[in-house]
Amino acid sequence: MGRRHAENVRRLVPEARLVAVADAAADRVRQVATELEIDHSFQRLEQMLDCKEIDAVLISTPDKFHAKAIELAAAAGKDILCEKPIALNLADAHRALEAVAKAGVRLQIGFMRHYDPAYAAAMKRVEAGEIGDPVVFKSVGRDKDVPPLAAYQSGINGMVFYNNTIHDFDLARWLMRDEVTEVHSYTTVAIRPEVAQYGDVVASVVNLKYAHGAIGNVESYVQAIYGYDVRTEIVGSTGSIFVGSLEKTPATFLSAAGGTHILADHFLSRFADAYLAEVIDFVHNMLHDLPPRVTGEDGLRALGIAVAAEKSHIQGKPCKVTAEAES
Amino acid sequence: MGRRHAENVRRLVPEARLVAVADAAADRVRQVATELEIDHSFQRLEQMLDCKEIDAVLISTPDKFHAKAIELAAAAGKDILCEKPIALNLADAHRALEAVAKAGVRLQIGFMRHYDPAYAAAMKRVEAGEIGDPVVFKSVGRDKDVPPLAAYQSGINGMVFYNNTIHDFDLARWLMRDEVTEVHSYTTVAIRPEVAQYGDVVASVVNLKYAHGAIGNVESYVQAIYGYDVRTEIVGSTGSIFVGSLEKTPATFLSAAGGTHILADHFLSRFADAYLAEVIDFVHNMLHDLPPRVTGEDGLRALGIAVAAEKSHIQGKPCKVTAEAES
Amino acid sequence: MGRRHAENVRRLVPEARLVAVADAAADRVRQVATELEIDHSFQRLEQMLDCKEIDAVLISTPDKFHAKAIELAAAAGKDILCEKPIALNLADAHRALEAVAKAGVRLQIGFMRHYDPAYAAAMKRVEAGEIGDPVVFKSVGRDKDVPPLAAYQSGINGMVFYNNTIHDFDLARWLMRDEVTEVHSYTTVAIRPEVAQYGDVVASVVNLKYAHGAIGNVESYVQAIYGYDVRTEIVGSTGSIFVGSLEKTPATFLSAAGGTHILADHFLSRFADAYLAEVIDFVHNMLHDLPPRVTGEDGLRALGIAVAAEKSHIQGKPCKVTAEAES
Amino acid sequence: MGRRHAENVRRLVPEARLVAVADAAADRVRQVATELEIDHSFQRLEQMLDCKEIDAVLISTPDKFHAKAIELAAAAGKDILCEKPIALNLADAHRALEAVAKAGVRLQIGFMRHYDPAYAAAMKRVEAGEIGDPVVFKSVGRDKDVPPLAAYQSGINGMVFYNNTIHDFDLARWLMRDEVTEVHSYTTVAIRPEVAQYGDVVASVVNLKYAHGAIGNVESYVQAIYGYDVRTEIVGSTGSIFVGSLEKTPATFLSAAGGTHILADHFLSRFADAYLAEVIDFVHNMLHDLPPRVTGEDGLRALGIAVAAEKSHIQGKPCKVTAEAES
């Protein structure tokens, strides 16, 4: 994703100038800088943050370095667009937010679905009151490929709740315009028991309870062999919205065996435009002193739901959602 | 539904002869008998059960009389097709099943979705191993019209778990070929608080845990103003099946405002053929001494899930599922 | 279809009493009469028409006997519901219509799509002015199974234009509320050259020109191996309507190979309800002295289009459409 | 489109360097050069063609200048990617192709649908023999917005057959892997009679006859108020392919009024990626001495179909298709 973001900024965001890239892998960072004709490349974030020309940074590291990178960038006085999740625990998230507040910089979290045309159209209808009072929130997030075991071993990203499902936890707040107060999780490792030793799961269903009476459920499944499958419903008292489509291309093959579609295979084939729109909007807002569309507080609260969902998975009972660090 | 079943048997099930109908409402039962040219009509079930010509009965009373009606019919030596649920509590269900066992008659429960072409096609794929190991079960059951308050006051049917969601609890067992061992429910009365006094809810999400490691979620919503909306997914290790469609007719209206479909409005516009196929199959099996396709045990176990789901709703914690009467 | 109509009338049309059936095949007609508990059966239409108890007849013979059967039934003073086409040439059609006029009976032609909920919903929108002025009419009619060569040899039905496409020619008039004045056909026998000797074709595209400026195209294909596929579009100045769906059941199978639907296989799986609604409406209108919904004139004019389409196929140039017998 | 192509080449085609842009409008060309950081800008094509650094040109002028621009670019020894149509008449097309042949340069015509993932997937199935022998080709091309009258008055583009439908004529050859030998057109100006004076039409249906027995139909409609609607079917003896989708985003709004989609509105919202893939492929092939994917001959033959379709529209009879200049 780092490279994708760099390409987007370099080529498709005329308001921005991409001054430098940084990556611990020396070869990789030099190659990206060369290919994208970027003036500077660094191996350490601290070096890059010393550049006076840099106004804002885009953080796209492994998840467990997000919070620390935010702290450093804030201390250096840069505005920040950071990939989700803001952190892997609430204490780290609070430290990052305090650094941001102290430095007086701005922070946007990369919940790029806010920029997807279908989700944005859905939110517009919600805000216009067209579905009445929200009653039920439903979301499904299924990734296509079986994650390699090395991904679990490295421990650089959190379990599925922090890495994938956090998008749905964010949508659960954003589209319902309400806070989740309690969750209950069932999880399974049935078809791949070896991931359990890393504290992770293959699939989960998380029941949601909202502050103002609504309820919901979020499902995640990390190895849906048939395709990348993301769907969300907001069910309201006077109408509902369904966002989702499985088809990769509008081509249907009809034979005696039936009608067959090609299914979507990857989140970038679904959300490539949203990632670009996100960066364009962030750059525009920073240049014109406008607030970010997805705030650090949004990142913190989505993280709070993920933390409670994991706690419920471990303890086997419903858990209160909090954004407090000590929980 | 009683009248619909009577019409089906009278007109479309050549293997059966509809000898009599019974209904507490004298006028109504006479009118049905006249219109459908049925020889006998009764006000009391016991009178009808005295008819020697009758081999089998179809029970389509309010839910709370199901168990007692099964007991009486069994005692009279009739084979039985009884609408779901088998009873509104496990003790009644056990009494009914004991009466059936003692009388040596056969009992089928009216989970008619087993006879729907889409669900039947799904089950065929599951049985053929095409989806591999089942991992996640998802089901949504939304009724269109706001139920009149009188329906709650009468108390003749159980809360939504017993009356509607029990179809999904049955599918949860049938399509996954596994037993649900624990459930967790969140419910809401937010947009109609007055139903709470009758112990009922407007919407619910029920998390499911299976004996062999799978998980699931069932949602119900009783007043989806946009239409009757029933959808089920069985997610497996090598494939998945999605059953569901919102459209009432294949007509799309395209205008500057967008493309608009007419949505389904009622369970009979979706399942009319399944109700008929169910009766034809029941009659055929009874005449040829074949076992019923959906057994009393199936009715009991689906009821066990509903009982646990209601308990979780009341107690606010996950509850074990049991078919034992004392739970 | 004769048997299907008989079953519908016998079992599902309470306003009608099915007095008799007639069929040249003695065994078959006796069997149907027995199975459906019909009092009388005949081998010759003339015998049946002598029955004084009979008020109306439903004609479902091979196409080439339609016109003669209408003449006989009219002469006997019976109201008539006759399957499409009204005749296989315009001279026969005129003779039939004259007999009907002379006898003062009523004639309905079996264009049952007028009774299909999707087509009826489309027509309602057209009549409400929701699509503005009609500009383009498009229709596709594809049958699934390769017709046996015996069907061509018997010559009892006309070529594809008279037997299948005539439904689309009828829709072309009905939904556009305008008359077709000229047509141009291309046809092919490429994948089954042996049908050419019977004057028939495997596929056709027929361009349409309307009296008030609209245009259109109708395609037919008799051996679409993938399924029964009927779709119609009415394109208007302010909106359009698309009628059609390929899916037999709302079940989708998702695997690494893609998403697969079961496709529709037969016109009865699509239009079974329309056939019933047609008979119910006909019986009701006859009993209450109301005019038939689809008239003999409608049958004549659709036939006129088919005749011109065949002429264009033979002559290789556009042909005027006329309902005159001598053309 | 010129600007879109320039942006694509400048930002998203790393193998290419965009040396110069040319446009008769002095202000516009300078602005584009500045915004996209292009070194040179010209008002006359001839000036730009003098640049020795330039290896290849992309022609995106009004249609009537295409052929002349190809001639000039070929004479200057540049490889060429030219927007469709190659010319507005066959004589001009031949002159352009002769110039290309004489100069020994390469010419690609901008039928960018060859690069659309759905069309490309369809062609792959056709080539793999999965649909058997092609029997029927169907295509619909509907543009959303009512074209301003000034567009007709300027005369810089040809009528709808040359400007829009030529995409479908190209698909008719490409996907069927056969040549169209004869066409028959009906057209209408019914809802906008004033375009007739410019020799243009509002809608058309064009019947197609192929060399090896297949048939087809292409419809165009330039003011489909509901949206941009492009659909193509290839019907074969053992299977069929349907390419097309109306929906702009996968968001469905469900209310008591039905289920509503947002429809596509513009060809760039459907084919933006195809335009980019086209340029990337062209650049790659030129740099590696590979033949262009869509040749000048392809441009000529699609034009031949358009010419015959217009002739049929004028003469009211079927017309042979030829690529000969004198026809």
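For reference, chains read A, B, C and D in written order, and residue numbers begin at 1 within each chain.
Following the convention adopted for this analysis, a contact is a pair of C-beta atoms (placed from the backbone, for glycine too) under 8 Å apart; a residue touches a chain by one contact, two chains touch by 3 or more.
For clarity, every value in this text was computed on a predicted model and none was experimentally measured.
Chemist: In contact with chain C and with chain D at once: which chains are those? Just list them.
Modeler: Touching chain C and chain D alike, sorted by label: A, B.
Chemist: If I rank A-D and B-D by number of C-beta contact pairs, which comes first?
Modeler: Taking the two pairs in turn, the one with more contacts turns out to be A-D.
Chemist: Please compute the C-alpha centroid of chain B, do the same for chain D, then give the distance between them in whole Å.
Modeler: Spacing between the chain centres: roughly 56 Å.
Chemist: When the C-alpha atoms of chain A and chain D are each averaged to a single point, how far apart are the two points in Å?
Modeler: One centre to the other, that is 39 Å.
Chemist: Name the residues of chain A that each touch 2 or more other chains.
Modeler: Correct list: 225-226, 238-240, 247, 253-256, 262.
Chemist: Tell me, which parts of chain D touch chain B in their complex?
Modeler: By the definition above, chain D touches chain B via 225-227, 246-247, 253-263.
Chemist: Please output the residues of chain A touching chain B within their complex, sorted ascending.
Modeler: Going through chain A, the ones touching chain B are 132-133, 135-136, 138, 140, 142, 182, 184-191, 202-209, 212-217, 219, 221, 223-226, 235, 237-240, 316-318.
Chemist: In the complex formed with chain D, which residues of chain A make contact?
Modeler: 11-12, 14, 35, 117-119, 121-122, 125, 130-131, 238-245, 247-256, 262
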